[in-house]
Structure formats: structure tokens, C-alpha cells
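Both complexes shown next keep chain A, but they swap its partner, so chain B is in the first and chain C is in the second.
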Partner chain A sequence: MTVDKYLYQKISFFLVNLMFIAGFTGVFLSSEGTSIFFEWFLGGSSVNFSMIFLLDSMSCFFLAVVLCISGNVVWYSKSYMALDPNANRFILLVLGFVASMAILILSPNILSILLGWDGLGLISYGLVIYYPSKKSSSAGMITVLSNRVGDVCILLSIAWFVSVGDFNFSIWAFYNNVEFSNWVPLLVLLAAMTKSAQIPFSAWLPAAMAAPTPVSALVHSSTLVTAGVYLLIRFSFILGETCSALLLFISIMTMFMSGVVAIFEYDLKKIIALSTLSQLGMMMFSISLGLYELAFFHLLTHALFKALLFLCAGILIHGAGNTQDIRSFGGLSLNFPLVTVCMNLANLSLCGVPFLAGFYSKDLIVELACQYSWGIFVLLMMFICLSLTVLYSVRLTYLSFVGPYGGGTSISVCESDYSLVGPVVILSFTSLVSGPILSWLNFPAPVLIFLPVFLKWGALFFVGVSLLVMLSLQGLTYSYKWGAVSKFSGLMWFLPWLTGQGFSMKTLKNADHLLKIYDQGWLEFYSSKGLEVVGGKVNTLNLKFQHSSLKLHFLIFLLWLFLCFIYIL
Partner chain B sequence: MAYLQTEILGHTQKVCRLYKSALKHVFEYAPNRAAYRYAAVCVRQKFEENRHLTDALKVQTLIEDTKEELFQKQHSHPFRYATSPGGSAYGRELKSPDWVLDLWSPDEKAQYPEYFARREEMKKEYTVYWEKKFGNKAEELHHHH
Partner chain C sequence: MLKFILMGSCMTLFFSNWGVAVTLLFFMAFVFGVGMSGFGLGLVNLIQVDLMSYFLSYLSIWILAMMIMMSFYVKDHKSFPEVFLGLGVGMLIFLLVSFGTSDLLMYYIAFETTLIPIFLLVMGWGYQPERISASYFLLFYTLAASLPLLLGILWVNFTDCSLDYFFLGQGAQFSNPILFWLMLLAFLVKLPVYFGHLWLPKAHVEAPVAGSMILAGVLLKLGGYGMVRVVPYIELSLSEFSSFLMSVSLVGGVTASVICIRQTDCKSLVAYSSVAHMALVLLGVVINSSVGLAGVVTIMISHGLCSSGLFSLVGMIYERMGTRSIILIRSLITLAPLSTLWWFLFAISNMAAPPSPNLLGEIYLFISSIGWWGGSSLLVGGLSFMAGAYNLFLFVSTQHGTDSFLSNSMGDCSFREHLVLFLHMAPFILLFPVLSHLFL
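The block that comes next holds the complex of A and B.
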């Protein structure tokens, strides 16, 4: 239903051009070691404020990755959304999302960050409820309400920042002696946790998979959810010891929870969403250890291969007639050979298999975490979470591609559609080369790591052993036999219940109770209705005096006579 | 209101529905097609064993117990076909009914004057056709009173 036949290609071409501009600017700024501020004065005579954009290597690289993914996703949507009657609304929402993301990335100012942040929340809601089904509506409601908590935190932190006298965080970062209230880092942390779906705000991310798959590829895997991580990287200078310790605990819990839950999940998109959650936990983990640059590096590489994973999943879903349940898949490598290759590439990259994109960032985080010796519990949990990533990735591959036929129907003509396969191939190439390239760009000098041999090989050992275990266990297809564990994890540790009905239903019921007892009950009876009745009675009495009754006048006359008589006596 | 029985089911229907839900249950848990076929045969065997029961009370208890067992062992992710209720693609295309157009406000209708003029004409024609075929019930009722 688009006006122009080539509208999607044109938008995609435009976005990719912008990507090259942002990317080369980033390379230039990185090599020069400088940043550029654009200050745009707005307002008139009495109101004066300026909109500031910050161009530094970090913002430019992130913007380039966002534009690369959005360009490919728009191209992909041409075929994927071809039969959709509301495709124009879709493309407008996607462009609005890219604009909000650009504002967020380029803002060195908490007020303009709020602009981008709120824009992301609103547009993400619009995209989740894109399909007019009940499922989408409820998913959208969970998404927007969870994100609203973060918005409120940002607003509150703005109120605290008033005391500092400037909303530009780049200036505070420059002057290290600015003193903040203890509430500010906590509020920023809470805001980041809601956007990046950390425990206990994790339920919205799998629910948001009700959105169309290209949206999941762009919004709910690679860009929007990393906004929280990006915010924390930008505000790294105010995160104190307490907040870092809190973040360490939360990120490990998120990584572990999402890894376990993904093993018991059957929805293809939700499995990938949970893997996103696990990687977000990894980024937060890295931030909590003070490894901000590594968190940013992992953010970029993860964005590229996760978008690829979603686009591949989209082709499978498209080919299988919108079915997302992996129980009906199986043996799809025969029907979708190219997609199988690309999806496995993304999956292996996610696992951190050497010389793919994920390896460069993930391995560095793990090794540096080992080097700084954060205690056996932290290290053990980190290695377990690494293994869990391998477990759910191999399970997904096994059930979809390798395992026996599951009973569903699928058509492989999607593989001959260039606008579906083109973006997948391009992103596969980027996933292959982005690791070393981004590594060179982000870390021009080598990072020196000194570790004992068993720790140095620790990550690879866990990844390798998990791979072998999963292959020998046929992709953990019998995981349902684990009784209560499978029930508990299948229901995502009751987090959706906690976010949705657990809190809201109780409060709603209490509110209803209060409404009936007080607002519509006693308060109505005594205050509004009671006042009306009393007022009416006073009025009636008053009216009697107002009547020019002869008896009343005579009575008052007698009363006066009586009073005068008393006075005289 | 799901607990209210709105239809009368015969015994055969009850057993057939139970059999179908049992098959669906084993499908949800089966790790692959071969395992599902084996489990399905086992389910069939259980049903066949009780095929010739004549004691109504015993049959009723058996059905209730099996229903309870299926409920207790229900899967955390029940299998749904994509376009069936509860499925991932269910209700994606919302088709609004024709009468919604009559609820448009006058300024909205003014944007498509020709269409709504023709629509009004068609509605009149349809009313005439209806009254010719079935009579004017409103007037009849009025006269009756």
C-alpha cells in the first residue's frame, strides 16, 4: 500500500549513506582524539535555551551501527511487510524511532536525552501494538508501563541536577569535583535498568516480541534496549561503589535467569529476546566492573549479530506461515540452506566462538574480569552464564535446523527473495568483519592481560565443553522432564506475573475497594450529599424568614418590646 | 462464564474431546515427531483398554480423573497454531464492520461526500427492499399496540 514502488529502497539507501557519513566522522574523530559540539540556539527575547549535539567517536560509531541496522531492516521490510495494509504507518514509526535514537545518542544533555528517551518509549509502544490483537495490546501495556518507571526516574534525576546548575553531563565529566546527591546515580541506574530490561523489569522484553519481526530486529534487540547501557556508559563518572555493586548483582541475576529461561522457551523470537537479555546482562556486568569501553564494544558487535539473528528468524517465520513455535520446525536446513548458514554464524558469534564478532568483545570482558579477581562467586556465575548462552543457542539450532522434522509446513521461496536475503547477507558479512574492525577502532593500543593458563583458556573451555554437551544431548530436547524447574523457568520465574497482575491487580482491586467504600460510599453520603441536605434545610429555614409574614413581624416586634422592657427595668 | 455448560454433550463426544486433548498434550511434550507417534500410540492404547466399560459411574470417574491429570500436567507453553486463538499471528488483521461507517462524525463524512451520499441512497434502497420482502415490522408493532 505504499505510494512509491521503491520507497523502501530509497529510505534504506538514505540511511546507509548517513551510516557512512557517521562512520567516517567517527573514524576521523577517533584518530584525532577530539569531539565536536554543535550548539543550536532556540527561543526568543525572554526565553533562551540551546540544543546541543555532541559528536565524538563513541556517539558516531553507535549512530553508524544504528543506521546500518535500520537501513537493512527497512530494505527487509519491503518484502516482509508487503501484504500488510498499514505498511505506511510502519515505515513512519521506524523512521521516528531512528530519529529518537539519534537524538538520544548525540545528546550531551539530560534534558535532550529525555526527549530521545521518551520518544523511544512512545514509538516502541506504537510498534509493539502495531498488530491490533489483544496479545499485542497487553504486551504493549507491559512495555510502556515498565518503561514509564525509567522515564519518571530520568525526570526525577533532572530535578536533582538543578542543584548542580547545568544539565550537560559532558561538563560534569570534565570537572571531576562536582558533588551529586546519592539519589542521582540510583535514579540513573534504575532508568537504565528499565530500558535494558534488567531484573525485575525483564518481563516486557519477551512480551514485546508481539511486534513485527523487523521491529524486533531493530528496536528490541540491538538499539532500544542498549539505550540503558549507553546511558550508564555516558554517566559512568557518577556511578559510585554502592551502585556498581548493586548493578553487579542485578546483571549476574539477569544473565543467569535469561539463560535458564531460554532453555525452556519454545517461541523462536522469545528465545532470541532472552538471549538479548542475557547479553544485556553481560554489558551491565562489564559496566559494574568499570569496563565501560568494553561494554560499548560488546554493545556494537552484539547489535550487529543480533539483528542478523532476528532477520534470519523472520525468514523462517515468514516461510513457515507465521508459526513461531520451534516444536513445529525441525530439519529446516534443507529448506533454508542460506538462512541456516547465516543464522548459525550469528549464533556462534553470540556464543563467542573464536574470530567471530562476539568473541572479540566477550572474551575481552571475561579475561579482564578474571584479571581483576572479583571473587570466586562472580567468576563462577560468569562462566556458568557463558555456558548457558551456548546451551540455548545450540538448542535453538538443533530444534530448528538439525533435529528431526517437527510436523510444520514451510516454503523455501523466501530464500529467492532478494529483499529478504540481501540484508541478511550484508549483516552476515558485517558480523564477520565487525569484531576485528571495531576492536582496532575502539582500542588502538593493545590491552595487556596477564592470566594463569587455566583462566586464560577458561572461557574457551566452557564454550567448547557446553557445545559438546549440547550436541551429545540432542539440543536438550528433553528439558521438559525437569519437573518444577521447567515449570518455574517456563513461566520466566513468574516475572511477567509480578510485573503485570502481581502488582497491578492487587492495587487495582484495592483502589476499586476504596472507590466503592469511600468515594462512592461514606464520603459521598457525608460530604457531597450530606452538605447538600444540610444546605437545603438551612435554605428552607432562611426562606421562611424571607417571607413577609405578618405573624413573624409581629413576633419580632413583641420580642423587641420584651427586650426593651427588660432593659428599662 | 466458562464454567457454565451451554451445550449437552453425549458420552462419545466427551471421550473424543478428551482423546483429542490428550493427543495435543503429548504433542506439546514430545521432543520430536517419532517420540510423539510413540506417545500417541500409548494414549490410544489406554483409551482402548477402557473401551468396553459399562459401569457409568466408573466411566464418569475415569473421564474426570483424566481431565484433572491433563490439567495438572499442562505445559507451560501450550502449542497454538499461528492463526488460531492464542497463536502468534491471531487477530493481526482487524476488519471493522460496515456499521462503523455510520458512526463517523459529520466532518469525517464530509471528507468523502460522494461515497456517503451513495451509501445513504443504498441504505434507503435496501430499506425499501427489506420492507417489501418482510413488511414493516415497526409499523405493525405500533398498530398492534
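The block that comes next holds the complex of A and C.
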């Protein structure tokens, strides 16, 4: 198959141009404080059926971030996928993914959201099963079926939307007294939970790391998984108290779970996936507290530095002999100096170290959460999760860059490849500056926060202390085992079993029973086999009468005679 | 309508020339599509065309053309190509009669007559020796269920003195459970709803690809169509039995789709998936609202195109590899990458991903079923989820992987096969805006 030599560059250039358009539109719209609303009326007598695009600062900024990441990722893939024979398929899938993400971002209409939503699920499935191995096939299945639950929820909520007569929910945001069915917020919440991999649907996100690394950077860290968060931000006006409380609990548990599991994980990409999961939990947490803008802000900054983290991981995997077991890394800072810098930047940003991108969003969320009185449990868990983030990030850094050499072959040729390093440098720049810039753009007025001094310093204190602890423990080197805890966490709290193997085993076994009992059992017995048997017996009986047996004839004759006799009498 | 039946009869002249026959069928489809779209018939006795019968007649012409294009191997192997074509055209004529007539008895006659060609197709051009018992099973199962319908129709004739659809249900309405079951049983088996579906997987597994295509594409729709037609007469009993029928359709649909995953034969999998889809049709008929009816029409048409396309894909593999076993067919993406795209498109269309009209039909039926009872959303949701599961299972287990040991010399789709698949997919996608305009 011949591939255009400059295909990747062209597409990347195209995407980056689109990014500038979207970004500047966003800046314009946010400075004007307006939004643009395109509606293409398609028909409908009882329900308003139209294709709608909403351009406001939120959708434009998100779109710009998505396009920025995808432009860089496509450029990066030029080298990363250089030896792949199916490069055309890869690039088409990535473009399809970006297109469905754009549809999802721009449409405030549940029907066209479904278009993007289903597209995301299916195309990400195509990307997860891109490599033809058994592992990728099963990972793809759990990914797409978890997402399918969300698709079904969106479908059902479409059906509920008919009761208000319009699929366009942004209209309803202006009316406070719209009577939505109680099912709608629950279904939307469930859909968002599946897409954003909250408990109990978390298993697919680490599994989806079977995809090529550029895909993980684009799809499973910054765009697809944040679709659920974005949906909830858009639907914030109907998310009632019950759903918020439910979400609060689930998001905290997800944050905690992924933080703990990440500490016991050895797969480089899975560690990063779990850190994505914990940050998604953070966004969900702030949504459940009602801090939608902050969740959105964190979504944007997180997308940028998480993509960076994945691209760096890709270079490490590429350079360290195609392994992603973190135990075979170690001391790579000498071989990959530039990547070390960029990856540490992303990691520290993730931890919320002051004046990097993550700090701006995370610190705001934490402080505002402290300001609300949600009880000691919520606060404690939040701070624990903050520390956990630091713990696994430092562990990652230590094991791959600082610790003893792990024995993998490491060649640092990758750093001289501009199309691998270029995107990394660009994304490092954005994750340096995106924090303040996005905060200026999103929050023109400062947020007023009253806090006691110890809470004000709480976040920084926890981050600093856990940094120091982790460094002094030498990153909890890999020989560290905690028996049951490490087993429990290494298996991701049995979530993959619960929603993956266990569930499907049960279902398939029951399906076997059904097949044996009904289709190959009673139904068959009472239709084809039963008719055959009964019909055969009747036929045999009939045949006996057809034999010209003299005795039988006389017997029948006598019988008739007898009957006639009775009748006459 | 009559001229199309006449046109079909004239095709008997071209039995030996398949190219002309296919061209004529496309011409017929074109003229039908343009000419009948206004439903302008004037006052014609015994003939009526409304939206539903228009779409379904169009579908039958289209699927017939597809199935002839798919079975050029019959012509190449010289296994009675004239008879094959004759059976197909005969089936088309009776399908047009059954969709175009306005008389219930006439519908019944045409409905039963279509059994003969499909019976002969399965018996004559099927693959394994089991085709004999399968074709008998198909014939007698549906026949036994539909004989009561004749009694029902005669009963209606006795009470109403007319069998025209127009007068159907205009007479005195009364709830009559016996009549209800007489009228509905045939269609429930023909549809088929789970518990009466046993003939379908058997027939599909043994049928030639053309037989499967027309069976899944059009013949199943006769059941749904008939049900919609007789419902006005039995409306009162319908509301009496609605809970029962809804349960049968929903539980049966979920059961069928769960069983679907356990199939090892691709064809049998697709056949069970039609059972699951047709459960939704029953649901829409039982709910008997305008949205439900819209869903019924949409699901029937889109499923007709989609499952026919899937069957032709399975047929293509069977022609090349000589097996339909999911266990043996592997990594087609390395052998036939273009056909993988078709597999993906048809699989996701069958699982009602946008922009397939299947999605539209599902939305209509979700709306109506949730209107009936909110809790039913659990089951229809399960149905939709399982649809995703088995379609992607079918896709991934045939297309994905590296270890292909069966055939190293398999070619990709030929031009003709691409054309067949394209002609399934293009109207399918184009129907989405049309159908959404019509009903929503």
C-alpha cells in the first residue's frame, strides 16, 4: 500500500490550522460574552428535530485543545507508526475519531450527541483492536461493551426527551421549571460514568492501553474519556441532588481506587491510564460539588499534560526496546534527557506543583471544595487522593529515570527524531502556559475563597510531604509487596473481573442453558421432534388398519353392526 | 401496482439471461420508486398502496435484484439457473401481490404462496443434505401456524361481509380471544417471535445465500406487515393481551440475542439477530401507537437491507472458504481488507449505530415502549446492548487476528460483490433522512 510521504504532516498542519480557528473563535466569543447557535431544521411534527451546532467559548476551547493534541499526535505518529503497513487505516480512524469528537463537542442536541458518542465508541474500538493480537481483541471488547452501556443510556434518554418535545437541551437550560423525568439525569449520569470510566465501569480504561501509544495519548487520556465529563457539564442543569451525591461518592472512590492501583501497577501505559482515571475522578468530583467551570478547566489542562505524558511514554517504549514494563526501565535520564525533562514537567503538573498547568485547576477545585462544608470524609479522601497522585507520579519518575538500570536495551536514537520530539516539546510548552492562559480566559473575574490558614496550605502541604516521602522511600521500588493489598490492587479491585470476565462468563453460561433448555430442548421437542414422533405413531396405527387383515375387517364389521343394532333399538 | 406484477411476469422471457433480468429489476425498482411514490391509484378494487406497502414492495424488488446478483455462482455452476431465476421472480410477483392487495384473503393466498419458492430454493440449492429436513420444517412449521389464519379470515368475512382493509375494523368491535389468536398466530410464527422461531435458524443455515437474503430481507416482513394489517380488527383483544405479548417480545428478544452470542455458525448468528430485531417489531405492533407503527416500518425496512447485506457477506466467505464457522474464519482483514470495511459497516448498522435507520427505528420503539411502561427500558436497553455485543463479536471474531490457516489464497471482494454490498448500504444510509422526515 502506498502512503503519501507527507500525509501525516499535511493532516497535522490541517488540524493545527483548525485549532487556531477554533481557539481564536473561542477567545473572541469569551471576550464578547456571546455564543453562536446554528440550527438546521430537519422536520418533526411533535418533536423538534434539527441539527444544531453551538459555538460558545466552552466548546471552542475544548475543540481547540482536542485539535491541538490531535495535530501533535498525528505528527508524532509519522515516526511512531512509520513501519506499520496499515498506516492509511490508522490515519483514517484517527481522523474519524477527531470528527466525531468535534460533533460531540459542538452539539447541544441529544440526538447529534448520540452521533458523536456512538462514533467515539466504535472508532476507539477500531483503534484498540488495531494490533491483531488476542489481547487487543479482548481489550477492545471490554472497551466497546462498557461504552455500549453508555450508548444505550443515551438512547433511552433520547426516548425520555420526547416527553419535553425537544432534543435540544441547551434551550431547556434557560428554563428552571422544565419537568424532566427522574430517569433522564440518572441515565445521563450512567452514560457519563461509562465514558469516563468511573467505578464500576473502570476496567476498560487500563485495558484500552492495548491501542498504539499515539492513540492512547489522543483517545484514552484526553478526549474520549473526557466526553463523559463534558456531557455532565453540559447537562449540569438537570443533575439533581441525588445524582450529585451519588456522583460524589463514586468519583471519590474512583479517585482513591485508581490512585492505589497505580502504585501497584508495573505497566508504564497502565500507570498513566490509571492516573488519567484518578484525574477523571477529580473532574467528576468537582462536578458533583457543582463546580462545573472548574471541572471544565481541569479537563482542558489535564488533556494537555496527559497527552504529553503519553507521548513521552511512547518515546520511552520505542527507545527502550519495545517494552512497557516499568521494571525494565531505570536510569533512563542519561539516555533520554529531553524526554526526562518533558515527562517530569507533565508529572509535576499532574501533581499540582505550583505554577504548572495542573496547579491552577486542581488547587482551585481543592480550595473551593474545602470552602464548602461537605464533611470530614470528603475532605480527607480528597487530600489522600492528592497525595496518591504525587505518590504514583514520583514512583513513575523514579522507576523510569532515576532508579537502578533495569536491563532493557535502551537506545536514545529517538530523541534525534524531530517528529517524535517536536510534538513533545510543543505540548510541554502548552502545559507550561496553558494553566494561566486558560484561567484568564475562563475566569475573567477572580474567585473569592475564604479559608482558614491550615486548609489554605493543606493542598500544598500534602503534595510537598508526599513528594518528600516518596523521594526518601526511593519511589517504593518494585520489590515492595504488601501481600493481600498488592494482590487486591494489582487486580484493580477485581473490577475487570466484575464487569469483564466474570460477567461475560455468567452470561455466556446462562446463554448456553437457555439454548439447551429452549432452542434445543423443549421448543424443539414440542415442534419438530414432537410432531415427528406423534405423527409417526398415528401413522403406524393407521397403517395397521390398512392391512387387509380378515380378522380386523370382521371385527370392525361386527362393531358397526353392534352400533346399528343399538341405534335401531 | 398491477403493471409491476405484469412486468414481473414478463421477466419470464429473460430467464436465460441474468444480466437482462437484473437490469430489468433495477428498471422496475426505479419506475416503482418514482411512479408509486404518490400512491396515486385512483379507485381500484383489490389494490392499495400506502407508505408501508410501498416501502416493502420496493424492498422486495431491490432484494430480489441483490439476491440474483449474489448468486451468479448458480449460473456459473449451471445448477438450473433458469429455474432459480424463475423461482425468484415468482416469489417477487407474489410478494408484490401480498403487499399491494387490499383484500385480506388475497393477502393470505399470496402469503402462503411465497412459501413454495422459498421451500424449493432451500431444498434445491441448499448446501448440506440436512436441507431436506430443514425445508420441510420451514414449510410445515409456518403452514401449520398459518392455517388457523384462514379460519380467522373466513370468520371475519362472515361477520363483516368484507375483507377489504378499508372496512376492516369498521364493523362492531368486540373482544374475541379466539379470533385474536387465530389472526395473530400465523404472523407471530412468520415474524418470528421467540418461541415460534425455531424454523428460522434451521432454514437459514441450510438455505443458499439467495434464500437467506430474501428470507431475512422480505419474507419475515410479511409477518410484521400482516400483523399491522389485522390489528385494527382485533384492537380490543390486543389491549387485553398486550402485557403478555410485550413480555413475550421483550423477554424473547433478550433471550434470542443472548443465545446469538453462543452461535458458532455465522449464518445462524445473523438469523438469531433477526429474531431479536423482529421482537422489536412485535413490540411496536402491540403498542399500536403512531410512533410505534413508525418504528415498525423503519425497523422492518432497515433490518431487511441490513441483514440481507450481512447474509451476502457471510455467503461471500462461504463461497471462498467453504465454511461459516466463527471458530475457523479468522483474520479476514489480512486477506480481504476491503471486505472488512463492509463487515464493520454492516455490523455496526445491525447494532443500530448512527446513521443507520435501524437507530431511528429503535428510537421510535424506545419512545413507545417507555411510554407503555418505564421499566421496560431495562429490557429494551438490554436488547440494544446485546445487539452491540453479538454484532461486534461477529465482526471481531471473523476479521481480527493473525492466525489464518484456512485459506492463504483468498481474494478480496470482486467488483460484483462490492456492487451488491454498496447497493445494500447506499439506500440504507439514504433512508435515514427520509424516514426521519416521515414520522418524527
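Here is the rule we go by: the second predicted complex is superposed on the first by the 514 of 569 C-alpha atoms of A that agree within 3 Å, B and C clash if a C-alpha of one lies under 4 Å from a C-alpha of the other, contacts with A are read in each partner's own complex, and residues count from 1 in each chain.
In this section, a contact is a pair of C-beta atoms (placed from the backbone, for glycine too) under 8 Å apart; a residue touches a chain by one contact, two chains touch by 3 or more.
Because the structure is a prediction, the values reported are computed rather than measured.
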Which of chain B and chain C A:464 touches, first, second, both or neither: neither
More chain A residues in contact [chain B versus chain C]: C
Chain B versus chain C as contact partner of A:162, first or second or both or neither: second
Contacts of A:487 with chain B and chain C, given as first, second, both or neither: first
Which superposed partner A:132 touches (first chain B, second chain C, both, neither): both
Partner chain(s) touched by A:327 [first = chain B, second = chain C, both, neither]: first
First, second, both or neither for A:404, with chain B first and chain C second: first
Which superposed partner A:511 touches (first chain B, second chain C, both, neither): second
Chain B versus chain C as contact partner of A:519, first or second or both or neither: second
First (chain B), second (chain C), both or neither touched by A:267: first
Footprint overlap on chain A, comparing chain B with chain C: 132-134
List of chain B residues in touch with chain A within their complex: 27-34, 36, 75-77, 79-83, 86-94
Residues of chain A that touch chain B when the two form their complex: 85, 131-135, 210, 264-267, 321-325, 327-328, 330, 403-407, 474, 477-478, 480, 486-487, 490-491
Chain C partner contacts - residues on chain A that touch it in the complex: 42-47, 49, 86, 89, 114-115, 118-119, 122, 125-126, 129, 132-134, 136-137, 140-141, 144-145, 148-149, 151-153, 155-156, 158-160, 162, 181, 183, 507-508, 510-512, 514-515, 518-519, 523-524, 527-528, 531
Of all residues in chain C, those that touch chain A in their complex: 137, 140-141, 195, 198, 201, 255, 258-259, 261-262, 331, 333-334, 337, 344, 348, 353-355, 359, 362-363, 366-367, 369-370, 374, 377, 380-381, 384-385, 388-389, 392-393, 396, 400-402, 433, 436-437, 440
